[in-house]
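So the structure is just underneath, and the comments pick up after that.
Think of it as A, B, C and D in the order they're written, each chain with its own count starting at 1.
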Amino acid sequence: MKKKDYEAELEPLQVELAGVARWLKHCGKRLLVILEGRDTAGKGGAIGALQDHLNPRQCRVVALPRPSDREAGQWYFQRYVPHLPAAGEIALFDRSWYNRAGVEKVMGFATPAQVEAFLVQAPIFEKLLVDDGILLFKYWLCCDQDKQEERFAERLEDPLKRWKLSPIDLEARRLYADYTDAREAMLEATHTPHAPWTLVDFNDQKRGRLILLRDLLSRLPDRDVPPPGIEFPPLDHPPLQERYGRLKPLED
Amino acid sequence: MKKKDYEAELEPLQVELAGVARWLKHCGKRLLVILEGRDTAGKGGAIGALQDHLNPRQCRVVALPRPSDREAGQWYFQRYVPHLPAAGEIALFDRSWYNRAGVEKVMGFATPAQVEAFLVQAPIFEKLLVDDGILLFKYWLCCDQDKQEERFAERLEDPLKRWKLSPIDLEARRLYADYTDAREAMLEATHTPHAPWTLVDFNDQKRGRLILLRDLLSRLPDRDVPPPGIEFPPLDHPPLQERYGRLKPLED
Amino acid sequence: MKKKDYEAELEPLQVELAGVARWLKHCGKRLLVILEGRDTAGKGGAIGALQDHLNPRQCRVVALPRPSDREAGQWYFQRYVPHLPAAGEIALFDRSWYNRAGVEKVMGFATPAQVEAFLVQAPIFEKLLVDDGILLFKYWLCCDQDKQEERFAERLEDPLKRWKLSPIDLEARRLYADYTDAREAMLEATHTPHAPWTLVDFNDQKRGRLILLRDLLSRLPDRDVPPPGIEFPPLDHPPLQERYGRLKPLED
Amino acid sequence: MKKKDYEAELEPLQVELAGVARWLKHCGKRLLVILEGRDTAGKGGAIGALQDHLNPRQCRVVALPRPSDREAGQWYFQRYVPHLPAAGEIALFDRSWYNRAGVEKVMGFATPAQVEAFLVQAPIFEKLLVDDGILLFKYWLCCDQDKQEERFAERLEDPLKRWKLSPIDLEARRLYADYTDAREAMLEATHTPHAPWTLVDFNDQKRGRLILLRDLLSRLPDRDVPPPGIEFPPLDHPPLQERYGRLKPLED
């Protein structure tokens, strides 16, 4: 998809999302969007499209580091709970508790018993959140291995994307099919009526973002909260200029 | 400045910043960038330019909400401290403890005694951080009132920017000169050798971002930490495709 | 019960509890004890008996203040979750999420719908914790109103206990029967096989503490982890004395 | 000192402390008491004497575990700051940031440069807190080695105190004189007019607690905030009794 077309389609969706944000704040509703998916599928870009025009005091991206030793000895969901949205807030989870059913399972970082326990607990935990009124959406971003190969190669070349690569990605390539299996097992256990998954084809990332955003908007309740009316009376003096005493600004 | 020229100049700076991020991680250094400035100057856009190609697990934007009642009764700096960067991390503060010397002072949300106490404490607090090895940079983004007027008008019109407007902005217009005075008093007290301010002219926001980023990069120590070598052996099978059992992906 | 008899019976129980603490640490188990009950029944004293000889780095008392505005707009259990015990730890909850089914219900601080939702969620939430391996015990401390009257009167008189009284206690007296009803409704909904309640008669507080402690110990699994062997070789010099340079110690 | 005499002297001091607590709450003042000292001197007992009759929602004991890896890479004071008291609160620090000048220095857990940096930063950090209005008191509890030997022996014997012993204590015995030297260096650097140390002789622990408490009370400003007047009207019915439906209470 061409950038120009993409941007033309994206903007009205982002305008609608800005309306959703206003509505959330007005009603004290909470929105939680989980983004998971195939390595290189495009979680980061999708999050960018979502948060780009939202108030950073309302919309937070949650990308947790590895658990500390102490966290590793706690209830598995414990370290995620403080990051759930409060009234009026949006939380975008860049990866989430589903690590356990994906990378941790495939790479052997969690035991089969831990994975099993997780798959039992996740739907119950999510039901508590949903019943409490949190609007929860779970997206899994898909892409085929040829696209993944292209993107790995691009990350190797592009110094702006180089940080996205780590030795673990070598394994992700080798274990492509295992990740598929893990996803299917995860869907089997956690694609529930109260917290269904949505898979989105991200072989074309721009198209993927539009599909995701459109889907999210279509599933949020109707709302129409006009922004508070503000009127700017004319200044009663010519516009002022910055005036510098102590320090001059850097210029070119 | 034209978008095309801007992007052409921006990219090499972001590549250099990616190198800085690698160096920070490698040495366990901590980077703290404070962004303050005139309303509408362009803090959000500058933060975007900084964080755009950084790992969200390494680089966090800190945009704190209003203090709770309990926080309001604590040491003024207390609620900011948990957000200081840990080893290898970058924290971008979208506003900061300097609220007290800016909006809180001008709008009367803090008493003159509180502002005075803040101006005494801030340099001392910052010296503790800097002496501990935190790399601290403080930017104040400037713009003249005619530009501010344009941008307020744009925010009123543009539904993607409408959230940036609040009734308090009416006051910001009326009190343009008071904000200038407050900034000068703040510089007088807190432009220190260990934690100097840098003012950047953001009358042209794109140019402002480039100046800021260039300045930041020029003041960081030399570093050259190549990314870890990774080689992708060819796949020993044709690239796989996503295979869907439980659920099909959304497509257009 | 006489103080002397009480202390004679208490000590061996506390010794056994010290063994439990060693076992918890050794196995990385987590112990969570919730103490609820009639106003004046003696939660504080019971907690004292439990924590008195435990390592404060292992055993924490959790007595949360009122929720902040932001917390009030979160998932009801959210503010409690960070205080759940980590591996090897003991958490003693002085009141808990059951506030909602007790004081908040009786005093009208929560709506009937909120209370209802809580009574549905609590057993599910607790099952998640128990299934995760947390050892959860819930005690409700009972006392008759004549005892309560005596204790209120004592609190009014005794300056060391005066802080325990607040105007809300006037209501607690008037609403004694409502609290009983609320407790019964709570038991109906939350006395579950995985997280049963234990009621303890605290008309005699010393006896109550012994009963509670004995019950808790009887329900913990067998364990026998001897403390690590330590041997103190004799000092190879006469015992040293404090030596004061800069400052002398306060003495009588 | 005899237990009976001790208790007779302790009680009026605790009554006075209860008055201080009321005053703190009334004025929104903050009290921070740091307890440091020779191993076995009696920090735990002193804390018990202080907190025994205070509201656990107002007075917290802060006994932090070892820093996590992430915390170890932060500003040294960072992990302590969230535990500073808020308005109306009391925080009792069972050990504190002074670990760095004591155990970490003597045992070699911190480098000489880190210790040196700490000794420079601590007074500055504390001045920020004191200037902000926090009432800060620092006590160092002293005892001679013969007493220490007795107490180590007692800890080895007494199963209720066994947890207080760890292999590190073997070193504490061997390094008694080094700890003295470390304390003197610490006093030299951090016994300041704004945050002076008080040494208390804890060779007799009961006497030590009384001295400490008396000293603390003598240095707090005058206050006289009577508790809020509460009157209990007579019940208009005979006192009620607990009534059990779902579950009977445990009795002996």
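Structure notes:
Following the convention adopted for this analysis, a contact is a pair of C-beta atoms (placed from the backbone, for glycine too) under 8 Å apart; a residue touches a chain by one contact, two chains touch by 3 or more.
Chains and their UniProt names: A, B, C, D = ADP/GDP-polyphosphate phosphotransferase.
Model, not experiment: these values are computed from the prediction.
Using mean Cα coordinates as chain centres, the one most removed from chain D is A. Mean C-alpha positions place chain A and chain C at a centre distance of 39 Å.
Rounded to whole angstrom units, the spacing between the C-alpha centres of chain B and chain C is 44. Averaging Cα coordinates per chain places chain A and chain B 21 Å apart.
Each of the following residues of chain C touches two or more other chains: 65, 70. If the chains shown are joined wherever they touch, the resulting network links each chain directly to all the rest.
Across the complex, chain B meets chain A through its residues 11, 14-15, 18-19, 21-22, 38, 44, 47, 53-58, 61, 63-65, 94, 142-146, 148-149, 152-153, 156, 159-167, 169-170, 173, 176-177, 180, 184, 187-188, 191, 197-201, 207, 211-212, 215, 227-228, 230, 232, 235, 239-252.
Taken together, the chain D residues at the contact with chain B in this complex read 28, 30, 70-78, 81-82, 84-88, 117, 120-121, 124-125, 127-129, 131-132, 134. On the chain A side of its complex with chain D, the touching residues are 65, 68-70.
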